Amino acid sequence: MQPDDLSRALGPKLGDGLLSVEAFPGTAGRVRFRAERALDLFRAVRDDLHFGHLSMVGGIDWVDHREVFYVAWSDEARQYVFLSADVPATAPRIESASAVWPSANWHERETWEMVGITFENHPDLRHLLMPDGYVFNPLLRSFKLHEPEELEVKARHV
Amino acid sequence: MSEMWINMGPQHPMTHGLWNLRVKIDGEMILDVDPEMGYLHRGIEKISEDRHYNEVITLMDRCCYVAGFAWEHLYILSAEEALHLRPPERAEYLRVLCDEFQRIGSHLMWYAAFVQDLGLMSPFLYGMRDRDLVLDLFQSYTGARMTYEYMRVGGVRNDLPPGFSDQARKVLDWLDARFPEYDQLCLGSTIFRERCDNLGLLKASDCVAHGVTGPMLRSAGMKRDLRKDRPYAAYDRLDFEVAVADGADVTARYLVRMEEMRQSVRILRQVLDWLDHHPGPVLADRLPRWLGAPYAPIGNEGYLLKRNYPKGVGFSAVEEPHGEAQAYVVNDGGEHPYRVKFRSPVFANISAARQYLVGYHVADIPPIMGSVDVCVGEVDR
Amino acid sequence: MASATLYSVSYDLSSALLHGLGSILPPAAASVVTNSDLIVGLAVLIFAVILLAASMINTIVLIWWERKLLGRFMDRRGAMHVGYAGLLQNFADGLKLFRKNTFQPEEADALGFYGGPLAYMVTSLIIFGILPISSGWNSGALPLTLLLALAVFSFAPLFIFISAWSSNNKYSLMGGMRSAAQMIAYEVPILLAVVAVVIVSGSFNLTTIVYEQQNYWFWGPLVVALIVFVAGMLAEMERIPFDLPEAEAELVEGWNTEYGGMLFAFFMLADYLRALVGSILVVLLFLGGWTMPSWVPSAATSFPLAGIVWFMVKTYIVFGLFVWVRASLPRVRTDQLLRVGWNRMIPLSLLSIFLAAVLVTVKCLPVFGCVPSMGV
Amino acid sequence: MTTPTVQLAPPKPAAKDGFELAGELPMATQAAVPFIEIETLRAKEFLPAAREALTSLIAEQGQAKVIRPVFNWAGRNSLFPLHWGLACCAIEFAAAFGARWDAERFGVVPRSSPRQCDLMIVNGTVTWKVAHKLITLYEQMPEPKWVIAMGNCATGGGPFRTAYSVVPGVDKLVPVDVYIAGCPPRPEAMLDGILKLEELIRERKE
């Protein structure tokens, strides 16, 4: 499956929800879509293109905006497809994929607590890796790491 | 007894790592489960953003500590793609050698832990004994038993020592002779079959829906192996079968893993033959200077040189002993990777715990979770 | 030596001691000291001390035997640095546990928590006063020793359950419930299998049962009963494949999860005491006790204390077989265990009773040779 | 015999709430006690004092020469570590109980319940999420107890010391007796750490 096949199959369904389809190394292509049309795209990718297996959900903080990406695998095409959507850094929200792919559940929980992207209509959006009540999003670029000694010195000065 | 929640973990003999399985039970029956992860979350993805490309390899070994080579390979593949590099052919074969020996080592570790969960004590010792032979081989060319730091962006660190292939063939012969013994201890035992047949059933369609991969998926009859479907390194030039069983239960997972070890031995014999006859370089000679000369301390040169290197992204997927691992590396032209994201197979396999645990007995939790082969390091990262 | 019993020896010792004491005391005191009641009392005390010491030392050596044997089955050495070949290892463990802090978990029931292990230990020890180890061990005056031994042996689930329940821990409670269910399920086949032995030997007295085996051991003709008895004993001793109550994989340490220090040592010791009792019962009922076959040269069976030596050799071999089972079998599940107990073991034991009855009626089995004195 | 009645006794303390201090005699009366009685009195005082001195001597010497060495011998030869695995070092911890190294040779047998353990081997990275569970487990172990920090992560955070979720060294949480370096330490190193701990226990005075 090539990027052209993807855009031919998805274009009519999504219309302006589909931003672009470009070549991406190691996969069938990279589909950029509008975050508002996420659920439609997921349904189309799963049902029409038979990418039944969602492998990975992740987020990237590009400082001015954030990106959510999905990787799905098709057993018929024996290929991955890479889906990505940009969400604004001020209101990082996107529809949850767990209604379409149940395997998205934990990946979205992790992305929520690490990159701070809220997945709407997620069945169980709570902390997965960090303890309950942890308020930071460690994988944001604004979150800096420190040597422990450095932190101790800082704590003493405070 | 009324219904109650019990915590199995973080310190519990069943967990084989640091996680907590909350189980709701009625008498001996499981009504609901809720895995609680994150007790070993070490922030590897975040630390990687502060490291040079070769320094991340150190973290990869510790990410999954029973399959360090597989994770090194995973990261290296995507980093090479992001940095537009190609390894020499001999390095690719060497990586396959590492991967397949690692698969045997990891499966032996799994065998030891899984069978001990069933109460069978001796095979734990047998599994560890034979795993040590594999680790001795690793030690002979990397210097470490578990944390190797052997692969490099653009190849591998060093070639094999003289006499390695004879030693490795001896180990393979020994292992070949041990597999029937393992089978006799497990499959030959009526109690083992009574306990493991029709246990922890997870059909192929549920596997796909919940993202379950690896031996668990293949035990449900689905022939999916990235080494065949999406060959990386030198796998397209090697001859092997994909191990499949169709029981979808714990016994089937056992059979799949045992068969995988046999196939790994088969692959390794081919790889050793190839390596004997094709000497050559093991590290790409046109490495950018900031990636370091072969024997220089890792990554120190990066500080000296202002980088001017094309941006790129790398995506790779590797058939790890536990299942399908993926890595996504974003290179923004800086000294460090901008973002590194890993997909752990065990992460997805555990997240489906409710599907294959509810409805069984409390005594069935250890064998079922044992058949999942949990490695908490890669789940929590 | 053969005519002297352990009790008569301790009686002689006690009377010699007290008469010696009386001879150096003024006559008024002497008559008090050499009072027959006092002599009997001291004799019983000496008897008990010897029994206790013998059973304790045997148990500790048994633990060592299991550890070494298990090590060999697993391709390793086992304890080897403390004392010669690790013989002192268990003494070190015991002393260490003796020194450890004693504590009681929050909201645990003190009476059950402390009383359970003690009662478990004591009931396991009492059986040693009943079992005849060799022809000259105890007077054998009790007519129903076998029944008494099995009755005392079956107290254990009660105390295990009490101590598990009062620990205030969910794992302990589950372990205790499994333990009670399992022991009660396997009491029945054990008793039925013993009935077969009683039918053939015609007595409930263990000494008589052993003397009945002078010419042939019961394991041959009563092999079905032996299988049922050994399987039941494995369940009673809570050893793999039936060690569900302390199944390490799911119930941390089973019913002794909350126990540490000396109380844990009691549990450990009592477990092995019961293992010793189980092995001894197998030897007494099926392997001819301290008697040896006639083809064994008489020099090997007639030296002083030969009976005890052969008895212990047999016991340790039987226990070694239990260890072998432990090293090579996985654990069964609770429902499977109970199903096997009620659905397989009881019919098998009934079959063994039937076979024993046939044996007694026919009085002659070509396979094992005609035995003139068989049965009542 | 006339004895001067000298008031040497200290003034009586004031009676409190009408309660008289009983049994107090003036010193002069004591002096009038015959010689033999004085000797008896002295003997009465001497015997308990001597017994006390003797028993304390025996107790001290016995403690130092017999009881303490015996218990220290027992304690160092049967160290039961807690059976748990934190991270990478746990695999080497398990390997040390495998056929090749066989830690049971030294009487080291892992137990799953903290109540039955006297040694906690922290074999891996400690995160803040597991920190309070680790402290609970440590508190559940009965005295005397020891802690071994196995590997660089438990010693000081190792390669993850800068991470936001990692405790930089388990000695921030519980007192550590022996540190084992390595990432991960080989099984020999773990056994060496246990033998070092045995030396510590040999010298133990408590």
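For reference, chains read A, B, C and D in written order, and residue numbers begin at 1 within each chain.
Note that in this section contacts are C-beta pairs under 8 Å (C-beta built on N, C-alpha and C of every residue); 3 or more make two chains touch, one makes a residue touch a chain.
Everything numeric in this text was worked out from a predicted model, so none of it was measured.
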| item | value |
| --- | --- |
| Of A-B and A-D, pair with higher C-beta contact tally | A-B |
| Distance-maximising chain from subunit C - centres being C-alpha averages | A |
| Chain closest to the assembly centre - both centres taken as Cα means | B |
| Interchain centroid distance [CA atoms averaged], subunit A/subunit D, Å | 55 |
| Chain centre separation (subunit A, subunit B; CA means) in Å | 24 |
| Centroid distance [mean C-alpha coordinates] between subunit C and subunit A, Å | 65 |
| Centre distance in Å when subunit B and subunit D are each reduced to the mean of their C-alpha atoms | 44 |
| Two or more partner chains touched - positions in subunit B | 12-13, 38, 41, 43, 46-47, 50, 124-126, 129 |
| Contacts with 2+ other chains: residues of subunit D | 98-99, 112, 129, 162-165 |
| Multi-chain contact residues (two or more partners), subunit C | 74-76, 248, 252 |
| Chain-level touch network, classified as line, ring, star, complete or other | other |
| Inter-chain touch pairs (all) | A-B, A-D, B-C, B-D, C-D |
| Residue numbers on subunit A that touch subunit D, as the complex places them | 129-131, 136, 138, 143, 145-148 |
| Touching residues (chain side subunit D, partner subunit C) in the complex | 70-71, 73-75, 77-78, 98-99, 102, 104-107, 111-113, 115-118, 141-144 |
| Partner subunit C, residues of subunit B touching it in the complex | 1, 4, 6, 8, 12-14, 28, 115-122, 124-126, 129, 185, 189, 191-192, 194-195, 361-366 |
| Sites on subunit B touched by subunit A in the complex | 37-38, 41, 43, 45-47, 50, 81, 208-213, 222, 224, 229-230, 313-317, 324, 326, 328, 330, 338-339, 341, 343, 347-348, 351-352, 380 |
| Contact footprint of subunit B on subunit D as seen in their complex | 82-88, 90-92, 94-95, 97-100, 112, 114, 124-125, 127, 129-130, 133, 137, 159-160, 162-166, 183-184, 186 |
